[in-house]
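Listed after this line are the structures, all set down as structure tokens.
Each of the next two complexes has subunit A plus one other chain: subunit B in the first, subunit C in the second.
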Partner chain A sequence: MITEIAPAPERVASEPARRPRGKRPAWDEVPRWHIYLPLSVYLLFTLIPFYWILLFALRPAGSTSLVPWPMTFDHFGKVWNERAFGTYFQNSVLVGVATLVMTTLVALAGGYALARFDFRIKKAFMLALLCTQFVPGALLLVPLFEIFANLRMINSLASVVIAETVFQLPLSMILISGFIRNVPFSLEEAAWVDGCNRFTAFRIVVLPLLRPGLIAVGSFAFVHAWNHFLFALMFLSDQGKQTIPVGLNTLMSADSVDLGALAAGGIIAAVPVVIVFAFIQKWLITGFSAGAVKG
Partner chain B sequence: MKTSIRRNRRAAVAVALGSVLALTATACGDDGSGSAGDKGNEGSGKGEITFWDNNGGVRTDIWKQIISDFEKKYPNIKVNYVGIPAASAQSKYDTAIQGGGLPDVGGVGTAMLAEVAVQGALEPLDGRLAKSPLNGKLSQNLVQSSKAAGGGDQLYQIPTSSNNGTLWYRTDLFKKAGLDAPTTWDKFYTAADKLTDKGKNRFGFTIRGGEGSIAPALDAAYSQSGITSFWNGDRTTVNDPKNVAALEKYVALYKKDTPSADVNNDFTKMVAQWDSGTIGMLSHNLGSYQDHLKALGADKFRGLPNPTQADGTRVQISNPVDGLSLFKSSKNKAAAWKFVEFALSQEENSKFNQSAGQIPANTDAAEDAWIQKAEPTKLAAEALNGAGTKIVQLPYYLPDWNTISKADNEPNFQKVLLGKMSAKDFLNTLADQLNKAQADWKQNH
Partner chain C sequence: MAQAAAVAKPPAPPRRRRASATPRRLPYLLIAPAGLLMLGFIAYPVISVFYYSLQNYNPTKPWRNGYAGFDNFVQIFTKDTQFWDTLTFSAKWVVVEVGLQLLFGLALALIVNQTFVGRAVGRALVFSPWAVSGVLTSAIWVLLYNSQTGITRYLADLGIGSYGTSWLSDTSTVFPAAIVADLWRGVPFFAILILADLQSVSKDLYEAAEVDGASRLKQFWHITLPHLKDAIVLSTLLRAVWEFNNVDLLYTLTGGGPAGETTTLPLYIANTSVDAHNFGYASALTTVAFVILLFCSIVYLRLSKFGGDQK
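Let's look at the complex of A and B:
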């Protein structure tokens, strides 16, 4: 049987295409200013504080100009050389990178266990992991301080790295377990059939597929450790071991503040985070959405 | 296979539990060394001591210089300097009091002295001071303030410096407007009105409406009302009708002669705004002198003690006194006390206060040449030590003072500025809380 398909009637040029009632307009039907105006306003609100920081950092002390001209880098020189920001920066990099590595490694192991094994208290364990997110770090300061003091780890960067890692782990493990669940178990089984043991199968088959998740978790751990003030303040005493957030706070005294130096310090503190986000933005968004939705 | 997995699991649980117990045991097994419960000892007067600077960063250089001088004089004592950001000093002390790791000696301002002392962390210093060459060399006003701030029975802090409320004003703007220096409250209000031109974004005054607003508001109230004591028996005078009237007049300046954003002003915003704008007057303290100097240059501003009444009567609230305290848990109190004595010597105390722009506690240091040249400090010292000056002692000794004067009442002061609460209701609420805190304190003393 041959079915003839009647040609579709040509749309009359003068008659505009009607959108079914209740449907959203298509992208190309929306006037451009409906999109760009709110975005521009939002961008303005976001960027003005950054401009203000740049302005204070780059204009000479005492200037009231609204543009950073004549431009000076004196404030940067002051905080870097006179206020030991070079040392703080180095310490923050150490703490950030070590936290990133430790958090990612432990979260990977824990996340794998949560995703691939069934054990009796798994649900309770997951709930406990979630509950730890409601405990503020300040609440645990004294016990942590006592533990590190007894381990003779006060005034050591390791204490900050451990504390940061411990606080990052619950969320990181939950996220990573979500990613691992998304990787079909049959892939691992196939690798086992080909002669791999569990670890090799994980390393060769699963790990490469976890890249967005690892980047998301790692960057989150790095940025959090980079910005966190409390543990560094409490566990580190030696000025040569303090980190950038503590250094920034020392620029504000009880009744005097050098705004130029503070702004320059703020930029030095923000640059690594901005660079990290610029490079990993794509992975970060993919990572968080995948881990969150399908976890 | 299953048995093996189960065995491994049990082993893992055992290791985990063992680790937790080991950590807990090591944490609990400590004798509390360096915490508030530790009584410490005199030590040999040699070796290492740790010094915490409660205003780290800005004062780091000058303290390192003093430490270097000290180590030259006492080569067998080494001082480990720890700079703590001013805003976090109290939490760092509180954590160390509970968790251990207190220093031998540290900077403790009067604003936090009571809270640290009440936890039993500080060594009483009356006996040491009586036997010290410093005895009689320190400003008695400041020693009394230190004693009062610690609870009144014992001296827990040796004062190093005092700050003082200062009215900074723009000499160029005053000259242009043909105004007299704002030495009295009448002149102050006249200048605030005359210098305001909202159309041109010019204002006569900037008021502190955000963090830290209570002390300046009380200073303005007592200074205008002329009431000279914070307590009348066991009741505070803070809500006396004269103070209410004075505060009403002061807060009426908001928006009339001040920017409307002042409702959120902490000292940082207030100072930055005054240094970069065209505002006639700013009420702060001596601590921002260097900021004004950098921003405006020496010839565009002056700093006077806060205004007097028309007849010249000067009433002002007590300002925080900076000082050094010895910690009970120190294992080397003899060396730590040597450091306190050295830091308070004429030469070192003078050096420190010249750098900090504050008034030296050492009376000989207060006579040094630099003070005569630093006009705001000189005038503040004269006002503070002047025979006619009446100081209203704020109750820094109340352990709840910080909570009452910050978290509890700063939002209320903002309501007063915004017209959502009357000055009378604000002061009545404050008075109720203070009366209760005073009654509690008395019960325990």
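Let's look at the complex of A and C:
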């Protein structure tokens, strides 16, 4: 009797003792300085360049002070008006948003087909998607230029939007089909039973669950289109049609570089992506780990 | 009346036919937009590159245009020293860049995967250069490397480096200088992907290992690293291809100079087609680059046994 009772409390006692350890695995017992020291060193490497460009953008031309004081916004006004960054900004926003919308919609349709259907050319199509990852967009500049010239789309933002979308599509589609596969098919079937058609069921049941993934994919497309330089440089020769990266390159390749203007232009280029990034940072990690194609 | 009877008589078959008839066409309709875009703007250009690689094609010298056979390729492999120089530089660039990015990215991901005070802010700050474009990266590092007002001037004050020339215009310093600039933007990419993959390591494994008295290093070696293997193989491959192809940074940072010291193969191709208008020859170079990439990728996947032994 006694021997039977005795181990019981011990087991009870050991249960709660093990649980906290489960919450806090061995990794958590890392000495704090093992975290903070390398992190601070790396942060310095990350942040000094940002500080440097801010410094040049805010201090008066010719100043060598290491703090942006007295502060001036002259460089911004100059770049925005005289160097046409206002126009570039507008063009970049157009290209970025159009690419985002197009990529997400087309990839959503294709991703759904890949996730939910078995059809004859599916394997070949998947293989083609993977192969595109090895096709260098930069090396297709000449034929792409000829295509857009034939379509009379040179100097139109549409050419850049199409080119950016096409090169964003494969990866976006693979990621989105991964996200859709993570949503149990039975949820959709349940909605059909309740009288929804395929599209409504998708819109009501699946789409809300895809939000983190779609945010990751969409912002990826936006940031990419906003940042990309070569297509805009090649397809848009009219200065009024150019985008911010092209404008930055023009500032940089001038004979005598106006460092203040360059820095201010750089800040203008960075602001939208930094905002997007701050917004999506959290989703990015969950989005990527959910979309990982495994097995 | 007749219609109603027809439906009422065999209730199951028509409905099943309707239900299966839509899905049979539906997937093709759904992939059609993506498929057509990729056919028109990737497949067709690729084929035309293959076609032009067998041609003499130069819009500024139309009298020489025409079928060239394998002349372009013979030229590349036997006479073109610039091809070999730029290919060697590309290889060096990709290996050093991807190796260092992986190393720092992995370390960074392991660090910010810990729980500590200020983790959210730390992550956001450390990852932030990921969103910055190649051109903007160039702009920032041009400011940093400026010999008069850049940070290198202050380093020279401390006795590191010398006054006068920018690191970007000196053949002995341009390579590390460009590497560091690209690392600044590239490390967060690896850190983000590896951190995402770290989320799915089962905590039980660490617990079990700890019970067995495995050291933290052993846990990393036997649990974390095997788990990350596929993600590492895939991300290094994608990144290597990307680093090989991407010309934004070097084009704007060094322009391939000084003295052609930092010209990658794609940069050489871009110059050949855009500046020299030698489209036929550039297409042949593109074909060679494409084959090299494909070959290296297959070898890499084979050697790393991607997705293999874990099942």
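We adopt the following convention: the second predicted complex is superposed on the first by the 262 of 295 C-alpha atoms of A that agree within 3 Å, B and C clash if a C-alpha of one lies under 4 Å from a C-alpha of the other, contacts with A are read in each partner's own complex, and residues count from 1 in each chain.
Just so it is clear, a residue touches a chain if its C-beta (ideal position, glycine included) is under 8 Å from a C-beta of that chain, and two chains touch if they have at least 3 such contacts.
All values derive from a computational prediction rather than experimental measurement.
In the three-chain model built by superposing on subunit A, subunit B clashes with subunit C.
Contacts of A:P143 after superposition on the shared chain: both subunit B and subunit C are touched.
Once the two complexes are laid over each other on the shared chain, residue contacts for A:T46 go to subunit C alone; subunit B is not touched.
In the superposition on chain A, A:D238 contacts subunit B only, with no contact to subunit C.
Contact with both subunit B and subunit C is seen for A:F119 once the two complexes are overlaid on the shared chain. In the superposition on chain A, A:I154 contacts subunit B only, with no contact to subunit C. In the superposition on chain A, contact of A:L100 is made with neither subunit B nor subunit C. Counting residues of subunit A touched by each partner, subunit B versus subunit C, the larger count belongs to C.
In the overlay built on the shared chain, the residue A:I174 is in contact with neither subunit B nor subunit C. Contacts of A:D258 after superposition: subunit B is touched, whereas subunit C is not reached.
Contacts of A:N249 after superposition on the shared chain: both subunit B and subunit C are touched. Within subunit A, the residues touched by subunit B in the first complex and by subunit C in the second are 64, 119, 141-143, 146-147, 234, 249, 251-253, 257, 259. Subunit B contributes residues 9, 23, 26-27, 29-30, 34, 50, 55-60, 80-88, 91-92, 95-96, 98-101, 109, 163, 267-268, 271-272, 275-277, 284-288, 290-291, 294-297 to its touches with subunit A in the complex.
Listing the residues of subunit C that touch subunit A in their complex gives 22-24, 26-28, 30-31, 33-35, 37-38, 40-42, 44-46, 48-49, 52, 104, 107-108, 111-116, 122-136, 138-144, 146, 149-151, 184, 192-193, 195-197, 199-200, 203-204, 206-207, 209-210, 216, 219, 230-231, 238, 241, 244-248, 251-252, 255, 266, 269-270, 273-274, 279, 282-283, 286, 289-290, 293-294, 297, 307, 311. For subunit A in complex with subunit C, the residues that touch the partner chain are 21-22, 25-28, 30, 32, 35-36, 38-39, 42-43, 45-50, 52-53, 56, 64, 106-107, 109-110, 112-114, 116-117, 119, 122, 125, 128, 132-144, 146-147, 162-163, 165-167, 169-170, 173, 198, 223, 226-230, 234, 245, 248-249, 251-253, 257, 259, 262-263, 265-266, 269-270, 273-274, 276-278, 281, 284-289, 292, 294-295. The touching residues of subunit A, when paired with subunit B in their complex, are 61-62, 64, 83, 119, 141-143, 145-147, 149-151, 154, 233-234, 237-239, 246-247, 249-259.
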